[in-house]
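Next up, some structures in structure tokens.
What follows is a pair of complexes built around chain A, which joins chain B in one and chain C in the other.
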Partner chain A sequence: MAIIVHICFVVGLGLRFWLFKTSFPGWLASRVEISTPLTSWKRVMEGIYLTREHVSPYSGDLFHETPLMLKWLDLVLKVFKQYDYLIFLAADTLIGILLLKIANLFSKYMLLKQAADSPNYSPEASSLLLRKESLRKLEIFVVAAHMLNPYSIAVCLARSTGIFHNLLVLLAFFFTMKAQTILSTLCLAFATYESFYPLVLCVPAALFFHQYSVLNKKSVKEESSSLVYFLTTLGLFSFWFLMLLAVSYHLDESAQFVSSIYGFILTVPDLSPNIGIFWYFFTEMFEHFRIFFLFVFQINALIYTVPLAVRLREQPIFLMYILTFLTGVFKSYPSYSDVSIILALLPLWKHLFAYLRNSFIVTCMFICCTVFSPLLWHLWLYAGSANANFYFAITLVFTTAEIFLVTDLLYANLRWEYDLTYGLNRKLEDGKEGQVVLE
Partner chain B sequence: MGQLSHLLPEKTISEKALDSKRCRPAVRQMGLLTDPRQRRRFVLIISRYNNRLCALFYISGLLWFLGLAYVYLNAGTYFSENALLPGLVEGEFYTEADVKLYKNEMKQEMEKDKRLLSREWLFSKFEELGLEVHVQNYSVKYPLQLLGDQNVPGQNVYAILRAPRASSTEAVVLSAPVRSQSMITKSLTDTSGGIALMLALTKFFKKQTYWSKDIIFLFTQHEHIGMQAWLDGYHQVQSSEYIFPGTVWGRSGSIQAALNLEIPPEKVAYYNIKIEGLNGQLPNLDLVNLVVRLCRREGAAIRLHNQYDYHDSESFNGFKHSLLTMLRMMKTQASGSPSGNHGLFHRYHIEAVTLQGMSRVHGHKNFGLMVTGRIVEGIFRSLNNLLERFHQSFFFYIMPATNRYISIGLYMPPFSLMAAAGLIKAIAMWIGPEKSAQEENTDTKKQSSKSEEKEKSESETQSSAEVKKESEEEEIPEAASTNLLNEEEEEDDDDNDDDDDDDDVIAHDLEKAEGTTKSRDILSIIPVLLLSYLMGLMTYYSPEIFSRQTRQLQIQTDEAVTYGLLALFCACLFFPRFISKKTSELDTGFQVDWPLLKCVALIFQAVILFSIALMNISLAFFLAAAMVPVSTMVQPVSNKIVRCLQSLLLLLVSPPVLVYLGSVITVLDDQWPKSSFDLLTSAWNLMRDTTLLSILDYSLLSCWTYPVFCFAIYPNWIMLWGVSRMRIEGLLS
Partner chain C sequence: MDTSRAFFLFLVCFGFGFQTSKAADDRFSEELFIKPLPSGHIYFHFQFTTRWDVDIRSKDEFNQYRLFPKSLGDIVSTYDVQELHLSLTQGIWRHDKWGYPIHDAPPGAELWVWFLPSVSSVKQSWSELVNALSGLFCASLNFMDAKSTVNPNWSFRPHGLQGEGFAKDVKLLRYSALPREVVCTENLTPWKKLLPCDSKVGLASLFNAMKLYDTAYHSLSVHLRPICQDESCSKPSIELTQSLAVVFDSTLKNNGYQNWSLRKLFGRSLRNQCPLADLSNIYVDMTCTQSTDYRCQLMPQPDQILNFTQKDEQFSYGQYSVGKHTKDGNFLSIGIQYNQQPKYGPIKPPPVYAHRYITGYGLENGGITCYLYNKLPQKVKVIYLESLPWFMRVYFNTVKIVSNGVVIKPVAINYVQGKDRVQPYTLEVIVELPPNSVSSLSFEFDRAFLKWTEYPPDANHGFYINSAVLSVSLPVATNYTTPGQASSVLIDSFVEETGQKQFIVRIHTESLLLSLPTPDFSMPYNVICLACTVMAIAFGSIHNLTTRRLVARDPDLKTGIIHKIKTYLLKLHPKRGLKRE
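Right after this comes the complex of A and B.
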């Protein structure tokens, strides 16, 4: 087992290293599917140059990295100089290792939860129970899904800073599963500080801490309500977040960065195309509707937290994943880096794959969109023979594919729960075959 | 997301526990993707009728596509861009003396030096006329070491007529390739008439006050290469590593449109309009309409690929005639190399066409340079009216006559039908095992665990419920793993679309490590995918290697490249042997899941076809017409004769044979040869030239035909070849 994981790492890194030597990264870095205004490496270089010239990078409207990230990248670049790709290789390796750890923690957690919940399960559902051996393979799939995933590779090659955002989100996953409240909230705060949307992950984190305490106390009835956990998580999160802002304020000596980052994320002034849904809609819109639809779209990205938290309160990690997925689809500047983290974590739910109904269609849609989007881009902007609608259509299909996948996963989870509770016997009372229908 | 799932009876609802009235409408709202019953019907239709559906789709698509040439199925051209105002003004170019003078002067000049027209002469003539003249010095290094490491120098001359009414922000180009007497062949016609005419036009244009766009008169050397060098130099880019454009000093504004002239000095019988550009890109239809309309206005005959517009287009003969025109246009477009110098402008978002004058040995020669001059004058006065770039009319069209067009909206449905035939088969391959499992279910009680696994993998609720009653204990983990593998496949497919083959290596290792039967299905096809890509990669890089051997072997480069590629192809034919060798080594048997391989190959094919169709519909159409029927039919067979036939069919649609067939058709279309042997040899020669030229075009002009063949069509064909050579024993076990 371990050897395969190692091979994955070596091959994945070798591939990245080799591709960094070709002209491929230059092309990838110019792809809007990978480099958004928030993650483009070109803009980072510009920001670093401006800081070194003692000009505030936030005075223009080009640079949207946080002050801490800027400081850090500046330091690292001073060390690595022209070997900047090593930073990205290292970050990708770190993500791989984190995924490995997450997979192990996840299987432990699932077994623990299964043991606690098993009295509620139907006796007929024993074949559905997770087994240790099958869970042990998770780490291979998770690591392979990251190290050999073309989306991850493309993101790494394009030097997208989205890779650091992913790293922070995964750290949050990791520490949450370790039930280390302080570190987990710190990572959440850091991820939020970087890309804002991980804010919603506070909810599943709080739910998890609550559940973890219940699971580990076993026989003793836990009386303290989840409210306590919500309050502590949110309190710690706000504390860390404010700390980060304070440090940034100290570093930059002005609060300009707040509007340059969070203002930029929330009001979406840059309408250059990406794989998201914002740009096209807001280019088409009359100016006086803009504020209203900004609220609608941003609320759309965050609102799913509440109903899903109610429904999935017993499965906080699944909730966390689904929320990462949804914000990755509906955020204002999505890119393939969001897709890569989603696909890397997907194998964790391989017990649900049997219930997926659209995997074939979704796979085809993913492949087609990935191939067609550069082509339509070429036709639109270089050949001049197509127009923006073509490109938008294909990004819309891509978003639809993602939504199919996430709804399918949610459905699969419901079915799995249902089968666990009611067993696999579908016979109706008259002996005929029944069919489970979602209502 | 609802709160609870309900049990719904399959056929009749007699259940008390279930409120049928409540359940039914809910089902109806769910749509194809979520409603299990609709889905089941869809699956059943596909699995039962897929062969008939494929045949129906393909044949109807093909007939429909060809039928588009019929006058009632396409549309008449019209002007979308109203600013052009074609033919609104009276032609004023009647200075025949100037034309004659320049023609004679040029004749003398060309007699002095047979090899090339003196650039100094052109330069001095333009200077005399009072224009700003510039010379661009560029150099070319030929790829494949055709001329060793030597750089070939070249020079383009161009003159800019500054518009009196504007500030040089926009320009239009009038160009002509400079060809010496020695170069002139049947395909490269004499262009000196056009050059003399351009001089006379310059003199005329210079006196006019209405120009609001600069006019650039451009004379290029070395055909496409010179034009490419000038365009690169003008736009200050270097698009090829073999052409060094040097510095272009004289510049004007952004170029809006261009007209390339290939006019012989004598009177011509008719004009040809050439539209096909690099990679099958076409100019905006408005520009084509403009040229056609202005030729008509001067009473000049204009044709498309030497095909006049049939007088009685509604008759069957009229249909045949326009079909031939359409197919000729599509053939030129499919090759991906430009049909004239205009084709290189398209890449820079400049609309351009070539106007070629055709003189015949016999017959009427009606149109002298004066007529051509007035046509050009009319075109330029219309272009002068343009307020914005061409954008109104179509960019994607096929022309069955000079005044008819088939837009993308018309040709896409029949093409999609043809390509969809492959997709249907792919879906049938994906769900196929489920169907067989269901049939077995009715026949025998006992099922092999494998088919159950397949069945479950579709994870259609209905069928899973059916299976579960039989063996509940085993299948869920199995099903889970199958689906996991589907997921893996998704990634692998993505990988293959990109470039990393190493992923497959890993997956292969994974397979070895797991060593269980259930994981074999998807991982077993990965070596085939990997191999097919490796072969594509080898084909891509090999011409460079073959051409290095030419010196030692004392053979021509084109021979070396063609024979080398053919040898490589023949070697690739034996790749199933590599895989079957493994069968004997491993005791468990190396078994490739051929329906899955075929499914992947067909999906891959559909993606390729649709991608190409977006860029170059003609290439996509010909490929679809040739490959789709064969690729949907291919499957492992035990019967030897059928097997041979199938291999023969597959070979017939293999890339080299397709290229050869293309050459045969070109030769036939050009001139009916004396004997069939003549035909075969001249087609063979043409194929050699074409192969070398496509590689040169790729290196010099970045024409995508060669890499598309290497990285898309060829690997895809190899996968299908793999399916056909699959061992039948594997199927039975």
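Right after this comes the complex of A and C.
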């Protein structure tokens, strides 16, 4: 087992290291699907250069990293100089190790939860129960899905700072599953500070802390309501977030960065193409509807938290994953780095794969879009034989594929739960074979 | 009766006294400078100078106008202007072939203004000023808003008086240019109306729009500055210089000969001078009369020949007084006849000039490279200014100056970042060019994607990008003809100059045409519908999955709308239903 994981690490890192020596990273860094204005390395270099020249990088509209990230990268680059790719290799290794730990924690958590819930399960569903041996294999799949994933490799090679955002989100996953409230909220606050949308992950974190206490019978005597956990989580989160803003304010000596980062994320002034749905929609939007649709699109990215939290309150980790997925699809500047974290965590729900209805179509859509987007980009901007609609179409298909996958996962989860509760035998009262439908 | 007569007399006297005192404090002069260029073109520079002995700082003095145009005076006094330099140009001045013009101007419109320190808000005064000037000159100067206005540090120093009560702080300066501006008769007409004699008499009567706009280069300009009233400089006065530069290609219609005359080029001859002008002169460059093989002859002979040397550079100008030649109702049509066709060969370029290009391909990113030529055997310090629109996202860390493969470190850099839809990029570099060298200044940029409403009509034509401005102080006078800081009229600068004088030159590079990626302009409804559909797929699915529950049901059980309608109809007609069964 461990050998395969090691092989995955060695092969993945070796591949990355070898590719860094070629001209491939330069091309990848210029791809809009990987480098958005928020994560582009070219812009980071510009920001660092401006800081060294004593020009505030937030006085213009090119640089959108946070002051802490700027400070950190500046320091790291002073140490690493032209070996900057080592930072990205290290970050990717760290992500791999975190994924490994998360997979192990997840197996334990699922078994614990299964043991607690088993009285409610149908006796006929014993074949569906998760087994220790199969769960132990998860770590291989998760690590392989990260180390050998072309999206993760591309993001690492393109030196996209999205890799650090992913690292923070995974740290939040890790500490949440460890039930370390303080560190978890710190990581959530840091992730939110970097890319705003992880804000919604506070809800599953709070739900998890509540469930964890129930599962571990910490508070048998006083069955505290989940409200307490929500208040603690949000309180700690706000505290950390404000601390981070205060430190940034102190570092930058002005609050310009707030509008340059959060204003930039929320009002979407940069309409450069990416794999999301914002750019062409707001390019073509009528001026008097712009504000209205900005609200609609931003609310759309966050609103699913509420219904999903109600529905998935017993499965906070799954909720956390689904919310990461949805914000990754509907954020204003999505990139392949969001896709890479989604795909790396996907094998955790291996037990749902049997219930997926569109997996073949979704796989085909992912492959087609990934291959076609650079081609259509070339036809539009270099060859001049296509126009913006071609590229828009491909990003639309990509978003649709992601939506198909996430809704399919949600459906599969419901079906799995249903089968666990009611068993695989679906004989109706009149003896007919029943069909499971949403009603 | 007596008292009323006395009062009348008093009025008359007062009026006369006032008239005479006023007559002394403003003067007008008209001059024309003609220079045949080595490329076969001929350069005409008309200069009309009005001097008015008022203090630009005191608004109360702007009430009695005689020669000075009231429309401009009102604008200047209302918006606390200290210096104003406006040019409207069609075509590009080719420095490497034509040398330096008297006033250099970029293609399109250019305006730079120093405001008085007494101005309450530079930002507001500027925006009101450009709107007022826009109306006065029928040009789209109102587009010189915050998005295209910069505040350079070193490139534009005040030309006129400085000192107590005048601007020192560079915050009072604004510079803007509109390279897309098209200049035509509609700008010439209001410009002519500022002249005391309009274009009815005097040198301005040569302005025949049909001929003026059929030329290789054409530039109108207005320069206003405070100057000293006299040698002692105890009082200030205002100098308004209106100039019109035009370059004809006379070889086209002359069988390859460079021969020209005023009548041929402008379609009319001079009949008189402006009676209000103190000075009405024409100067013709006579370098060709000394040439051995390519000899020319001036017709008629000039009244006087001005020979002088400036820093080892020989100048020879023939001077005509228009009033003297047209005294008895005669016509004056100056011309030059050549004995042979011009011999085109390599032209000796001016000491410092520049060429600028857009580099790269595709519509994603690109670069700008400017070649700076220094033909002098000594180092020359130049100030380079770029003002670029916000949609060219400049990467400051790519700014590089290279000469002969060696990277040159600039003496100083002033860089102001652009902000989307708010503020342009400013890049001002002071660099020392090595002797006899070609240095390249280059940087990279990303092309921004604009909203569909931000593109001009014919979006695929591209966007015009401002000329770069190169300011340099030359130690030699090669190709140089510009009135000095101290002189108002051209003739004052045609004198011997041997001291350590520096010759200040400001040149503009080519303006550029930048293509930006365009969206499909016909698609807004489709895009809105498609993007919203994708969102609806997600919303609908998640809504379904979170609000409904899974149940096992008989697959044959029909629950569709059609089934419901059927059962409803069957209920209405129970008999039919029975029959069928």
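Rule of thumb we're sticking to: the second predicted complex is superposed on the first by the 434 of 439 C-alpha atoms of A that agree within 3 Å, B and C clash if a C-alpha of one lies under 4 Å from a C-alpha of the other, contacts with A are read in each partner's own complex, and residues count from 1 in each chain.
In the analysis below, a residue touches a chain if its C-beta (ideal position, glycine included) is under 8 Å from a C-beta of that chain, and two chains touch if they have at least 3 such contacts.
This one's a predicted model, so the numbers in the text were calculated from it and none came from an experiment.
Of the two partner chains, chain B and chain C are each touched by A:311. Once the two complexes are laid over each other on the shared chain, residue contacts for A:361 go to chain B alone; chain C is not touched.
Look at A:353: by the touch rule set out above, it reaches chain B but stays clear of chain C.
Look at A:7: by the touch rule set out above, it reaches chain B but stays clear of chain C. After overlaying the two complexes on the shared chain, residue contacts for A:120 are found with neither chain B nor chain C.
In the superposition on chain A, A:42 contacts chain C only, with no contact to chain B. In the superposed model, A:382 lies in contact with both chain B and chain C.
Using the contact criterion defined above for the overlaid structures, shared-chain residue A:415 touches chain B and also reaches chain C. Put simply, chain A uses residues 307, 311, 382, 410-411, 414-415, 418, 426, 428, 430, 432-439 to touch chain B in one complex and chain C in the other.
The part of chain B that touches chain A in the complex is made up of residues 1-2, 4-11, 14-17, 22-23, 26-27, 30, 33-34, 36, 39, 281-282, 346-347, 349, 389, 391, 395-396, 427, 430, 456-457, 459-462, 464-466, 468-469, 472-477, 479-484, 486-491, 493-495, 497-500, 502-503, 505-507, 509-510, 513, 603, 607, 610-611, 614-615. Across the interface of their complex, chain C is touched by residues 30, 42, 45-46, 49-50, 53, 55, 59-62, 269-273, 277, 279-287, 297, 300, 304, 307-308, 310-311, 326, 329-330, 380-382, 387-389, 392, 396, 399-400, 403, 406-407, 410-411, 414-415, 418, 422, 426, 428, 430, 432-439 of chain A.
Residues of chain A touching chain B in their complex: 1, 3-4, 7-8, 11, 14-15, 19, 24, 124, 126-128, 131, 134, 140-141, 144-145, 148-151, 153-154, 307, 311, 343, 346-347, 350-351, 353-364, 366-368, 370-372, 375-376, 379, 382-386, 404, 410-411, 414-415, 418, 424-430, 432-439. Partner chain A is touched in their complex by these residues of chain C: 361-365, 390, 393, 395-397, 413, 415-421, 425, 448-453, 517-520, 523-524, 527-528, 530-531, 534-535, 537-539, 541-556.
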